[in-house]
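Note that chain A is present in both complexes that follow, paired respectively with chain B and with chain C.
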Partner chain A sequence: MEYYTSVLMFGAISTIGTLGTFVLTGLTGLFSLGQAAFMAIGAYSAAMGVVRYNLPFAPAVILSVGIAVGLAYIIGYATLNLRQDYFALSTFGFGEAVRAVLTTSVQLTGGALGMTGIPKLTTGPLVVISLVVVVWLIRNVRVSRFGRECVALRLDETAAQAMGVDVFWRKMQVFMLGAALSAYAGALLAFYTSYAEPNMFGWMRSVEWIIMVFLGGRDSLTGALLGSFVLNTAPEVLRFASQMRTAIYCILILVTLNLRPRGLLGAWELSFSGIFGQRRSAVTRGGGSQHVS
Partner chain B sequence: MFLKVKNLTKRFGGLVAVDNFSMEVTRRQITGLIGPNGAGKTTVLNMLSGLYRPDGGSIVFEDREISGKRPFEIARMGVGRTFQNIRLFNELNVLENVKIAHGWRSRDNLLLTMIGGTRVSRAEKEITRKAEECLERLDLLRLKNEYPGNLPYGTQRRVEIARALGSDPKLLLLDEPAAGLNPNEVHELMATLRKLVEDLDISIVLIEHRMEIVLNLCEWIFVLDFGKKIAEGTPKQIRENPAVIAAYLGEESRDA
Partner chain C sequence: MIIQQLVNGFSVGAVYALIAVGFGLVFNVLKFSNFSHGSTMGISAYIAYLFAMKFHLSIVPTVSIGTIAGGICAVLVELIAFRPLRKRGGQIVYFFVTSITMLMLLENILVIFFGDTFYAFPKMIASTAITVAGVSISTLYLVMLGCSVCALALLSYWLKYTKMGVAIRAASCAINTCNLMGANVDAVISWTFFVAGLMAGLSGSLLGISYTLYPQIGQIVVKGFIASVVGGLGNLTGAVVGAILLGILEVFFIATIGAGLTPAATFAIMVLFLFLRPQGVAGTIVRDKA
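After this line comes the complex of A and B, so read on.
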């Protein structure tokens, strides 16, 4: 029982981190290969705040999110004007740099051996409430003009600019929002496992997040949640097939993306429109028949 | 002066795409920009809307210098545009396309939006209302839930004009609005453009290949060839201008 609870907890925490990738890569089309670094920053700075500087839990977490957002501003300022491929490369560099710094600052972080002795302060209810609140916040962004503008600038940056969208600032906001989400997930993770090591936050994790978002459907929040939850728990569920685990995981992804290029759900969203009796075009529009352009 | 362009120059490597081009546009006027292929017409339009940074010269729009400003700033100052190769957002429906151009006007911010609430939904309603108004003007309201890719070419061009109207422009830049339209659609387009100028008090600068459309529609015409202005004047003056005739006939004999 405890085992399943912990699988679910990991799934939920990772999902919060993945949602950062949903807004950044899914909606806005920015491929960041350093997204997991923000998770590392959240994990380490919150943990260090509590362990080394005796901060209470909540302020430490808030501070860690703040640090991630501040750092995202600086990194974003330097990279968001770059073309797609260069942006991916430079965020990759940033992510690996963060990991290298965490590995070498042995006195501060414990180095490659990891940081131990973090109190176990993340509880089940906290994770559940966090996930619900985060999903609600993102859903509000998704259906607003902000979400629409993110999609527009992904589809045609030049046209979006000419329509009065401040493309650079919009990207910056999304980058900071993504960093905040990933950092928050990192903080929750550190206080759940009472342990953090640099290799938990490598570029592979950033890539996995992107895969999860695309598997579920890049335009669909519901899809991102589904993709994230399925893929975060799949390796555990497939444990019975131990050696074949990774292979099965890969085949699952290949098959899905070949059969449904726009992801499992396309742009479909689970919506409450039936309950509240109002239709919102950005949520309810059926994307199933749309093809990739 | 509404729009005053002076000595505008743009170079691409060794090629001078636009060479010391000057033009003036007054309020409530339809101005034509014509010339053979590669004459630099689109380059001028791209500089007016900020997509290209001029290498020299100035663009003063309503007494403010706009050259060197970023495209979204120029759009917000009241310059809307369409593109030669239609650039609609294909995964957004027609209504959402037009709403994009309205967005920057609403008084909300990201944090407020995340929390939601009445202020945000009121802003969204206002955006929807204004976008539907623009669609109505171009007789597109019934297509608001369609996706642009599924619409005929001529209709897509109209959607682009509706989207350009989204930000309440005072100056509308149209890059070959009649390209690919059949004669019937061209007639409708001309009537629509005249009506827009009439109803909205705007000025239009348009690029067009086909002489008959420009001569019919525009009050004042600028003719470009190899980046240089070779003539300007009323349709009548342009029709009789030997330099213009040479540029156009010259192109034909080059083709032959």
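After this line comes the complex of A and C, so read on.
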């Protein structure tokens, strides 16, 4: 029982991190290959705050989220004006740089061996409440004017700009929000596993997050939530088939991308009122007109 | 010492250039970043290894087998993963997501068949270093440099003077128009992947021979990604320049501040560069909307 609880907790924490990718990619269409680095920043700075500087739990977590948001602002300021590939490349470079710094500053972080002795402060209720609040927050962001402006700029940046959307600033805000979510998940993770090592947060992790988001559908919060929860939990549950499991996912995702390119759930949302669901799908319908012939 | 580092940097950069050019070729035609290029590198390196072990091959046949395996593998990847998507008129983002999924899938298949261990190619070159005018240069680095330069020269000849090369360049410009002008776009794309795959196979087997072989070897594709973006996506010459700069920078940083912090230093230089020259080395901007 304990084992399954911990698997679920772990899955829920990773899901919060993955939702950082969902926000960024689903709202603005940007790809961050360094999203997991924000998780690393959250994990390490919160853990260091508590272990090395004796901060209480909550301020340490808030501080770590603040650091991640600040860094996101700096990277975004430099690259969000440029083409999307530059953004992907810069986030990739950022992620690897973070990992390199964490690995080499051995005195502070424990280096490649990882940081141990982090107190176990993350509790089950905290994780569940966090996940619920985060989902509620994202859902509200997506249906707000802000979210609709973001989807508009994803579909056609020039048109959105012509309609008065401040493209750069919207992208920046979304990027900072995504960074905050991933960093928060990192802080929860560090205090749950009481351990952090740089290689948990490599660029392939960010890539996995992108894949998870696309499996469920980047236009569907429900889909992304289910996709990331299942794929974040399954590795633990499917330990017996450890060799095959990644291969199985990948095939599953390839098939999905071919048969239902917009993800398993498309733009469908689980909602309490039907009207609400319809209005939202009207916002996010019509996945753009960029086709490759 | 400095000259030696420069030569090493050039050799590493030349291999990165191979990767970047293969990466860039596919980007030019289909306008998406093809990360599955890395898995082609990995698979061809393992195939080269298998043949080298089984038949005790010397370096030339080993690398040739790796190269051809890369070409075939890339064509198969295109047939399995990208062609169905293309026929359905999928958006560019789905190509990108498919390519990163293929990277993970093929990497995992390597883990399933070969395990998560390191392999070393048999020793293929007798002397490890030669000395020219007081500068000692590793033979392997020279082989890497020579192979890469030859391959790049052949490729540029092929792109310039053969019919298929012209078709690929036309498709890079405007794939629909190219189709209207009577080029068989499916064939053009298959050829693009084949040639890109040859580059991947060559770079993969060279990297495998000079370092070690492990399932994650395909992740070196990001060096090609960096080089081709810094070089100005869509421009192969720029990609080569970017790759060689990257190689020299890396060797220089490893020699001065150590391998651990090299990614951080490279990142800093990269951001600075993009800040000063956002259009890349080549200075041409390809509009894309992934």
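Quick notes on this structure:
In the analysis below, the second predicted complex is superposed on the first by the 272 of 293 C-alpha atoms of A that agree within 3 Å, B and C clash if a C-alpha of one lies under 4 Å from a C-alpha of the other, contacts with A are read in each partner's own complex, and residues count from 1 in each chain.
Basically, a contact is a pair of C-beta atoms (placed from the backbone, for glycine too) under 8 Å apart; a residue touches a chain by one contact, two chains touch by 3 or more.
These numbers were taken from a predicted model, which means no experiment stands behind them.
Bringing the complexes onto one copy of chain A puts chain B beside chain C with no clash.
Shared-chain residue A:P261: touches chain C; no touch with chain B. In the superposition on chain A, A:S90 makes contact with chain C only, while chain B stays out of contact range. Once the two complexes are laid over each other on the shared chain, residue contacts for A:A160 go to chain B alone; chain C is not touched.
In the superposed model, A:V141 makes contact with chain B only, not with chain C. Contacts of A:G29 after superposition: chain C is touched, whereas chain B is not reached.
When chain A is checked against chain B and against chain C, the one touching more of its residues turns out to be C. For the combined arrangement built by superposing the two complexes, chain A sits at the apex of an angle of 80 degrees to chain B and chain C, based on C-alpha centres and given in steps of 10. Closest approach of chain B to chain C, taken over C-alpha atoms in the A-based superposition, is 12 Å.
Residues 287, 290, 293 of chain A lie in contact with chain B in one complex and with chain C in the other. Put simply, chain C touches chain A in their complex at residues 30-31, 33, 35, 81, 84-86, 88-98, 100-105, 108-109, 111-112, 175-176, 179, 185, 219, 222, 225-226, 229-230, 233, 258, 260-264, 266-268, 270-271, 274-275, 278, 285, 288-290.
Within the complex formed with chain A, the residues of chain B that make contact are 49-51, 70-72, 75-76, 80-81, 83, 87-93, 95-96, 99-101, 103-104, 106, 108, 110, 113-116, 120, 123-124, 127, 145, 147, 149, 163-164, 166-167. Those residues of chain A that touch chain C in the shared complex are 29, 31, 78-79, 81-86, 88-90, 92-94, 96-97, 99-101, 103-104, 157, 203-204, 207-208, 210-211, 214, 243-244, 246-247, 250-251, 253-254, 257-258, 261, 287-288, 290-293. Of all residues in chain A, those touching chain B in their complex are 137-138, 140-141, 144-146, 148-149, 151-152, 155-156, 158-167, 173, 177, 219, 267, 281-282, 285, 287, 290, 293.
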